[in-house]
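Both complexes below contain chain A, partnered by chain B and then by chain C.
Take a look at the complex of A and B:
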């Protein structure tokens, strides 16, 4: 799947987990923490994104991820 | 009489989300009118069950609820939202009833020492329906199980959520006592305050969000009224009536804030009632059978600890679950405790309106009793067409006006758990 489409799915998941965030305004270089996500919110965003994309990766695959773009890249590499 | 414990405990806040009212004022109206919350159960996934009625909280919305407490600071409401926005229904319902109680207590406008605040969450195995709803997805894709599950399947998650929202840093824990859980929570809170561990304790009775398995289980043990027994669902809960055939499932989240009377008075809190005495008494059995001696002993102990004689009690909120054996056992126990005073003692059962709220029943009925004291009325005994006893003074089909100075509330649970609380009008 193309990176921009994966990012759309991730933004959709972000708006579900963090309803106060205006997902249209989310930039790919931002990190989830700065959007107000705590550690469980962040894990849930990763897992729901994987579920939407139908992929199953161990969570350690996202270990070094620093921002949304790096997370999207891991997802894209495995779709 | 000699008092066994001197320190009185004040009721300074109450909140409720129930099938007959989403807040204290609508709940009060329903009590007075004798409104029933019992209807056909909303559809559930899974096999067809042997029960299809209950008093559910319909149209629940956490966000709408958060907008219902105009006096509370925005910061507190935001914290409640962020803590519970992704939580299962029972947690969200607990947060809303606690917010109403917090608003009622005016605690938000006071300086509180977090270490002197406690929280007790009453109810056990309260995440069954949440777990049941996850089974199908888990069977195929366990990898996608939410990371929140490991927090949220625990009853004690509610302790964490409520303590974060209200900045509670004293003691906090979960108590279970089957259908007496609510009373057990209130009793433990009174004891925490009396023994000086905390000044103020928030007690929340959790909504019994039963999964299809528990619904069927209560029918199979013979405790819950089954299908097609009554023409209309609102006729099915009939405590102390000759046609009673078992309890009807009910949902409510209810919260009471208790505070040491000394602290309440020094803070200028509005005291709604005072708890004078309470008792928890076991029968020493593992079964579901009620026991006259155990129930009478709980009531007598509560009276003794309150320093009150049986004939001084004006009103009894009975456990009265509409179970044939349970109702007749309680009538016998009441007669044993109150003797000739039964002709003067008003008796009703809130379960005729709300169904049996199980874990939260004790807190719901404590609140119902305080509201009746404040309003000077005894709510109707719905469906009590032919009382199983002619000596007790049951309220009828419409509410009765009378002053209640002293009240008692009973809750009994499977496993020989008997509990009783004595409290006083303060308005």
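Take a look at the complex of A and C:
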């Protein structure tokens, strides 16, 4: 799947986990912490994104990702 | 099937505690969505408390309730910790002395981060099951403190790690393992274990910690799913929802367990949000109540959650409790056992809730002074006499005699009983 489509799915998940965030304004280079996501929210966003994309990966594959783009890259590499 | 499990179980949740919300404000932590982390209080080790004193204080009421002949059947004392102050000498040697146990006893120590207490428990269970010494008992003491602040500097391993301070507590769990499992009758062979190498949280330097909290959470969730899957292979009819009346988790902080349980309910059962929420309240929350008061006591936390489950659950009929233990680095295990109304009655003798209530409430100023004072007992301290007048009110805040560190003399630790 193309990166921009994966990003759209991730943005959709972000708005579901963080209802106060306007997902239209989310930029791919932002990090989830700056959107107000705590560690549990961040993990939730990773898991829901994988579910939507039908990806089965160990969660630790996302260890060390620093922003939304790096997370999207891991997802794209495994779709 | 031979009976085996925990004959008696007690928790020592320290002598002083701190309000975690106050600490987060004081440290200037980002408190957006802080309530979701479900943290309330944490026990704090005083300069004259260490893993030995905490462990002895947890085990003493159990030992005092045994007859001399029962006490003499303790043939193994295992300390389980990531907070020891000596690379060679096992802390179990000190505890053996202050508890006055039989010398025909194996004394050793286990390290496996927060999985250590479960490791010790499983070693004890397997010793009893082996029947090489019929009737023998094993005393497993998981004891941990988090005395100093985070390792300074660095990139990845310090990022977001500031939340470790509010979540890290101090305390110990003592478990007497035998063929009389009055508290927790273990389901023999019902164990799913799972481990692999990951650098999530660690203690690579003396008196400090480092970690990547996001990676640790991800690893915890991977392990929970994988160890439960392995448990299911060994117990084919096991169902995450129906097989366990309660679930006791290793609890770094409550919010993490809520997230972990949500993941399992969704993955295993495709459950909807309202079902997950009510199931969390019913089956998981009883095990979080003491964890929210003591904080993460690492190797002892799974046992703390089990005690909390037994004391706050409803056991008019025998019920199965599923337990999950995770230790960074990492190794994990899902296992289970049965708790009865008698288990609840037996635990009452230890007045665990009352003892938590009796802890001294630290002000932020006192907490900061305590951290400074604790540098007097840094790892490697050769000689020091502890200032017993430091926060004197704490030493007398309990109605039970407690062991405190008195002096370190040529590296040898000397303790004294209060009252």
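Operating definition for what follows: the second predicted complex is superposed on the first by the 79 of 79 C-alpha atoms of A that agree within 3 Å, B and C clash if a C-alpha of one lies under 4 Å from a C-alpha of the other, contacts with A are read in each partner's own complex, and residues count from 1 in each chain.
Everything that follows uses one rule, which is that a residue touches a chain if its C-beta (ideal position, glycine included) is under 8 Å from a C-beta of that chain, and two chains touch if they have at least 3 such contacts.
Please read all numbers here as calculations on a predicted model, not as lab measurements.
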- prompt: Is A:50 in contact with chain B, with chain C, with both, or with neither (first, second, both, neither)?
  reply: first
- prompt: Just chain B (first), just chain C (second), both, or neither: which does A:62 touch?
  reply: second
Message: Looking at A:40, would you say it contacts chain B, chain C, both, or neither? Reply first, second, both or neither.
response: both
Message: For A:17, using the defined touch cut-off, is the partner it touches chain B, chain C, both, or neither? Pick first, second, both or neither.
response: first
Field: More chain A residues in contact [chain B versus chain C]
entry: C
- request: Please identify the positions on chain A that touch both chain B and chain C, taking each partner from its own complex.
  value: 36, 40-41, 43-44, 47
Field: Contacting residues of chain B [partner chain A, same complex]
entry: 81-82, 85-86, 141, 143-144, 146-148, 151
Message: Please output the residues of chain A touching chain B within their complex, sorted ascending.
response: 17, 19-20, 36, 40-41, 43-44, 47-48, 50-51, 56
Field: chain C partner contacts - residues on chain A that touch it in the complex
entry: 33, 36-44, 46-47, 58-60, 62-64
Statement: In the complex, the residues of chain C that touch chain A are 32-34, 36-37, 156, 160, 163, 198, 200, 212-215, 217-219, 221-222, 255-256, 258-259, 262-263
